[in-house]
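Please read through the structure below; I'll follow up with questions.
In this document, chain identifiers A, B, C, D and E correspond to the written order of the chains, with residue numbering beginning at 1 in each.
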Amino acid sequence: MQIINYADEERRQEDNRKLWDKVTAYFRSRSLWMLHYCTGCGAMELPPIMTSRWDIERFGIVPMATPRQADILLLTGYASTNTMKRIIRTYEQMPEPKWVIAFGSCTVNGGMYWDSYNTVNNVGEYIPIDITIAGCMPRPEAILDTMVKLMNMVKSGDAKAFQKYKDNYGYYKANQDKLFARTAPVLESASLKYVHNETEGSEQ
Amino acid sequence: MVVINIILYSLFAILVGLIFMGIGRKVSARMHLRYGPPFYQSILDIFKLMSRKSFTHNFVMDLGMVMALAGLLGTMLYVPIAGHSAFISNSNIIVIMYLMAIGSLGMAMAVTASGNPNATIGISRALTMMLGYEIPFFIIVLGLIISNNSSSISVIAASQAGSIWNWNIWHMPLGYIAMEITLQAMMGEKPFDAMIAPAEVASGPMVELSGKYLGLGLLTHAVSIFVETGLMVNFFFGGGSNPIDFVIKQLGIYLIAVIFDNIFPRYKIEQAVKFLWIFPTGIAVVQLLLLAF
Amino acid sequence: MNITELLKDLNSRGLEAEKICDGEIKVIANKDNFITHLHYLQSINYEHLANINGVDYIDENEFEVVYQIYSYTDKIHIIFKVRIPREKPVIQSIVDLWEQAQFYEREVHEFYGIHFEGNKDLSPLFLEDWMDLPPLRKDFDTERFSEIVMGSMRNGGKK
Amino acid sequence: MNIMLMLLVVPLITAFLTMAILKHQKTVWTIFLAVSGYLSYALFTMYGKWDLSWSIELGFKMFGKNVVLSLINSPLGWFFAFFASLTTLLIAMFSIAYNDEKHDSKTAPIWLLLIFSNIGIFFAKDWLMFFIMWEAMSTTAYFIIAHGKEISAKAAKFYLSISLIGTSTLLLGIILVSRLSQTFDIGVSIDSLVKLFSTNYSAALLYIGLFITTFLIKSAIFPFYMWPSKAYAESPDDFTPFLSTVMSKYGVYGLILFILPILAKSDLPMFGKISQPAYMLAVLGAITSVLATILAIFQTDMKKLFAYSSVANVGYIVMGLATMSVVGIQGALFHSVNHMIFKTAIFLSLAAVIYRTGERDMHKLGGLVYKMPLTFLVYLLAIISAAGIPPLSGFTSKWLIVQALMAQKMLFVVVAMIFASTGAFMYLLRCLASVFLGQLPDKYKDIKEAPLLMAIPMTILMLLTLAIGVIPGIITKPIDAVLTGMGYNVEPSSWTTVHTALAKSDLNLTYLFYVFMVACVISLIMYLISGKQEKIDQIDNYTAGENPLEWDTTPDRFNFAYGFYQPFKQMFNPMLDLISFERWMSSFGRIVERASSALSLLYTRSEGAILMLYIGIAILIIGGMM
Amino acid sequence: MNFDSYTLTKIAKNDKYTTYDLFFGPNHPGMNGNFGYVLDMVGTEINNVRINAGQLHRGFEKLMERRGWVQNLTLVPRICVMDPDPNEVTYCMAVEKIMNVEIPERAKYLRTITLEMSRLTSLLISIGGAGASLGLYTIMHWTMADRDKVLDMFEWLTGGRVYHIYNIPGGVRRDTPKGFLEKLYETMEYLESRLPDYDSLLFENPIIHKRLKGLGPVTKEEARKTGLSGPNLRASGNALDIRKDAPYAAYSELEFDIITQEEGDAFARALQMRLEYEQAIDLIKQAIKKMPEGDVHANLGNLGMLKVNPGEAYAKVESSKGEFGYYIVSKGEKKPYRVSVRGPSLPAGFLWATKHLPKMKIDDVAVWMGTFGICAPDFDK
């Protein structure tokens, strides 16, 4: 699957953005609403940044109840297969423009769950990520820093992952199908031994 | 000329409402021991919401949200702002009460059109709450009307002109207390915010609103803040001698509501209605009887 | 009842009971009549079922279903073990004794493929559309699975 | 021929004519439409000609005079008759489309008889005419409600048994009053009752009490507010609007015709600013509207819901009347017309829904806006009007009534009024949300918009409610005539402004509409300049991240409509037991029912027997008088 | 007229259009954690509930069989994010039981301190969360701010804010930094001074009383029989606490009483959390005062190459949510043969959900979860 290289194209676009776009980008960057969805254990560091100590509302970032209202989707930590399905549905329900922040090492390469049968290794294969934060789990300062970085990216028009999703939908869809639309067992061992149990079950 | 006036007044109300919301957020942040967003945050939010893409389920959603804002703007135009208003009218209270219902109707229509049960539950709660607060509110208004023998807000506001001691808050303190509680419910602040309870029905009516629909919803809310606090100023605080005085009084009233909002959890809807029908209504009835006999 | 009395009592009922440490014993029961023993234990105030878990003894070609039982009065924890053959992983359900067992049994069923006779609802609880071997069996290779489906790489792909 | 007589004769003759060709349904209903068109036109031409009358002397004497059956074109009667026939005209148009093979109720001839009695009631000059027509109306309505269905027949019997009480009290009242005034003339009897009030207060109270009972029963005012929920719900869907809007006004008409002048002219003990009997009436109206509102909120059947809504609206009208002030009566009359218009629009749009879906329970419907947008729009404007929201017509009349109540310092009555009209908002929106909005169930995926013949009357009604809302003069001008005819001194009302008794409280409705439109434009501009919207499927909803289809959640199972106000209802549960008169009313009704069913067996077999009944009753009454 | 609320379930059975599905979680503001219930509703009342778990399933038990004894220490705290230390301690205790190792006295006290600090952080979230689910966000902000004070102490002691991996088989990783205990004592005093504020805002609030009293009652016997543990068990009147019944760490040397409530309803559970929070502060203070000097870990050789002799053991710890139990089977290899985790939330989250939620109003679900302290990852594993 061909992936369009955005780096150059965006830089070219940067110059001839209209004033109106610049203004909207500024407003958008100052009012990022994040979806209140704790997908993994990284969500534990969200309450501190939202509350008194770090107070992310200073930047206009507030949690929102439903994907319809939100601008940012936070993937807080590992995404299990079940969660990934819900994340994709949630992401597709969000109106554009929308951004995704991936938290923690486990969203990049699986982290300590790299060999688990139920967690996705690289979240970026299924939905486009704008920024990834390293660490397990990332410290609030890191999250805050990322948020500010995202704000700057939005302001300068660099955060265009949602565009990437639209343009390369085939690639993402194929990966998603590989994960969810399984019709047969993956490993050979399954066909040998699991059948027995099924018939056993129906006899009861 | 009247059209230009109407537009200017509408923009003024929207702006004031939005800045109030921002200040309200700042004040709640301070109560939470936080720094809080800038006071113009709500304006940024509105701009962002209006400029982004949004989803609609059918034309009723569009119609409803436009109707909601139009209704509230229409209501706002009937509220005299320190004796000024966009056009010459009698600013009849009953008209205002019924005009405000357009806002609720539009909102209710728009969100139930999405077909999300969460939204519908929210609307059923909002309407129940409306029945809850209209009763005490109307009894208080009735007291004012009876004592002034006019259902015009301008007359009520003008009757309090002169000294600070002419304000109705001193003449009918019980009515003021009842109104303060009722206002909390009218503005949908806690403990009477069962309709938008995020933890229960995922923000209720707002659940399916995206982009500009939510933006229009927020604008409606901003105007409703302006209208409700404006009514309060006209009823009990002498209506203000100039627009700045008026807005400062409104802000004071709004901040009281915000402070209460931050120290109470929410009632269940039936508890809220029961509360509203017992305490504020009881107080208002006592006040009404004192005025009438 | 203290721990020695309990051991004696259980042994006299034909169970292999053995002390692990203070306040903790393990008991091995037969798959045919373990329910009567659990019934008995429950009647002598072993009322807390902490967990049910499976162990896959693949070398011995057996599954072990372990019931963690505790008495609030005696303060003794019993690791109550029942072995069943791997070819025919069927065991009786104890839903009638402890209500929460239905969920523990569903979990064991999902992760080991052990069938609990008498548990009405053994539908999957955690995994969606799972078609492979039950994952906690020793012969399920999670790394291989992850490699094929999620494209995982050892050491992050570095040799 | 005398035009007054024509008004009576045309429907009567066509009634028998259509009976002969009952098999050709379309023709029958077209004739029905033509007759109602003729009546509306004739009535329209009669406006201002207040000296039209017709009378016939019967061949026997009573009280030393020849007994006369007479009609007169009074402004009050004209007012009700004209708007009633206008409503009928629109319903008739709807009925042509509605009564196809599947929904045929074969009620056109009887309905024509009902219209005949309708005209008679509104133009009757003497009690004899009034009673005959009243009785005819009650009986014919029974047949239409029954319309050959088991369940409807039951409801109809219930209705008939309640009506029987009404007619018997009316008969008793007429006998007593005629004896007192030595004539059947209504005008004279008013004066004699006024005289009686100054001499024998309690006797006079008893006399008017008999009449009031009749009128309250007909208008379903407390304590008789239960029967509409049965009768309205089970009657033919196209007849329900007539039943609810026109027939509920007979009681109101009676009150204005007979009770109000007596109360106004007599010297009565006062309570605050108004007389005690009037206050009692206001309280009854208040109780009715509050109870009916509460009951309407909890209905699941949409026709029952609006049956209670009608009761509540008649409650408002009675409240307005009871103020005895110009503004109040103006409001009451205005609301009578408004109620005819918006309630007809509501019932017609619901009939269109029932016509297409065959379902009456609100929770089984949903999302019909996708399929029937015009019906939705009609319903929407109708409920905006019904909820009394400006700039539509319902607001004006409610506003007038509220202003009148406040001016008369009827404090708790006006609070009840506000309660009822806010509660109205709740049930009106419930039906909107459950029937037209929400998720469209799979089985209604391929229904169509209402047919053209249904759409036309609905659209006319929609425009009418808007026009009256913006230019209230359309109604207030005729009301001026009515009020003048009743002896009130009124200034001619303006086209745009409505006046009240309170200081500085007049309201210019055209201006209000204008302001609202400007606000709409501002709001629309905001909507248009903001970002683009994308239309998405109805099931593409926030479901907490889940795919609803994985949990077998089809649109049918994703629609909150049942138990809409359940938490609110739980507050009222203990009270609902108390106010549910239905139990004792129905047990009472059953006794009467049994008696009446024996009687009804005689004539349910064929429609022609109605005439026999008429004649029999007329002879009975006149014989009783002798 | 039909009195539908009287026979809602009957109506739901006869008329399929009366019911509808409402998705409560995973992406729902009222849900704590990535977990969900699919509610079958009649009106605003719940008719039936389907459990939607597994969103956090990572296969810990499988992964632990593939990793070394000490490597597993990085996995275990992730089983319960809110309250990670009990997992570490339980795992270590199970290993120590099999190896038959006695840990040094000071290590015992340090374990006690970390456990209780962890309990504080978890209870602060629970209390704040219970408030937030009723719309009282102020208390949420306050508790989170105070929780950060505890997290700072954790950071000083262990280097990590949320996951500490401080406890290792044989004791704790390292001794306290200089001045740590004094600062911790001060922090505890600060936390204690905040309690009146919480009380006046949350526990003495009449609306809270109105909302919580009588909600989701659990009787004394039911609580014991259905496997509830921790605060939920004690809120129903059972004076049972693992810290007393099977003392571990230094609990046998500290003075404390088992706090119980009688009512067993949501308010009792919330109050129980509040009282145990106070008790935890007191326990930390006691532990600081009684802290002996000495080693902080027993010598087990090179921990990276740790081999555990064959055997099996079940160890359990009283966490802020209840009993955390680890059943470990060792075959004498570098890796455990089987680790089975008993999370405390399953009885409440699954069994009591099916018992309590039907007939409950949608209004109460979030706060019902909040007072039960349901933590999804510990049953999803």
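Here is the rule we use: a contact is a pair of C-beta atoms (placed from the backbone, for glycine too) under 8 Å apart; a residue touches a chain by one contact, two chains touch by 3 or more.
The structure displayed is predicted, hence computed values, not measured ones.
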{"item": "Labels of chains that are neighbours to chain A and to chain E", "value": "B, C, D"}
{"item": "Steps needed, at fewest, to go from chain C to chain E via touching chains", "value": "1"}
{"item": "Interface with more contacting C-beta pairs, comparing A-D to A-C", "value": "A-C"}
{"item": "Taking each chain's C-alpha mean as its centre, the one farthest from chain A", "value": "D"}
{"item": "Chain closest to the middle, measuring from C-alpha centroids that were averaged per chain", "value": "B"}
{"item": "Identity of the chain that, by mean CA position, is farthest from chain B", "value": "C"}
{"item": "Centre-of-Cα separation between chain D and chain C, whole angstrom", "value": "72"}
{"item": "Separation of mean Cα positions, chain D and chain B [Å, integer]", "value": "35"}
{"item": "Length of the line joining the C-alpha centres of chain B and chain E, rounded to whole Å", "value": "42"}
{"item": "Computed distance of Cα centres, chain C from chain B, in Å", "value": "60"}
{"item": "Shared interface positions of chain B, touching two or more other chains", "value": "32-34, 51-55, 117-118, 121, 124, 198, 202-203, 207-208, 211, 268-269"}
{"item": "For chain E, residues contacting two or more additional chains", "value": "20-22, 26-29, 41, 44, 54, 57, 59, 62-63, 66, 141-142, 145, 361, 363"}
{"item": "Shared-contact residues (touching 2 or more other chains) in chain D", "value": "534, 540, 542, 544-546, 558-561, 564, 567, 570"}
{"item": "Every chain pair in contact, whichever chains are involved", "value": "A-B, A-C, A-D, A-E, B-D, B-E, C-E, D-E"}
{"item": "Of all residues in chain D, those that touch chain A in their complex", "value": "534, 540, 542, 545-547"}
{"item": "Residues of chain B that touch chain E when the two form their complex", "value": "28, 31-34, 117-118, 121, 124, 190-191, 193-194, 197-203, 262-269, 271"}
{"item": "Chain D partner contacts - residues on chain E that touch it in the complex", "value": "1-6, 8, 11, 15-28, 31, 36, 38, 41-45, 50, 52, 361, 363"}
{"item": "Parts of chain B lying in touch with chain D, wherever the complex brings them together", "value": "2-3, 6-7, 10, 49-60, 62, 65-67, 69-71, 73-74, 77-78, 86-87, 89-90, 92, 94-95, 97-99, 101-102, 104-105, 108-109, 112-118, 120-121, 123-125, 127-128, 130-131, 134-135, 138-139, 142, 145-146, 148-152, 154-155, 202, 207-208, 211-213, 215-216, 219, 268-270, 273-274, 288, 292"}
{"item": "Residues of chain E touching chain C in the complex", "value": "51, 53-54, 57, 59, 61-63, 65-66, 97, 100, 224-227, 229, 238, 240, 245-246, 311-314, 316, 323, 325, 327, 329, 337-338, 340, 342, 346-347, 350-351, 380"}
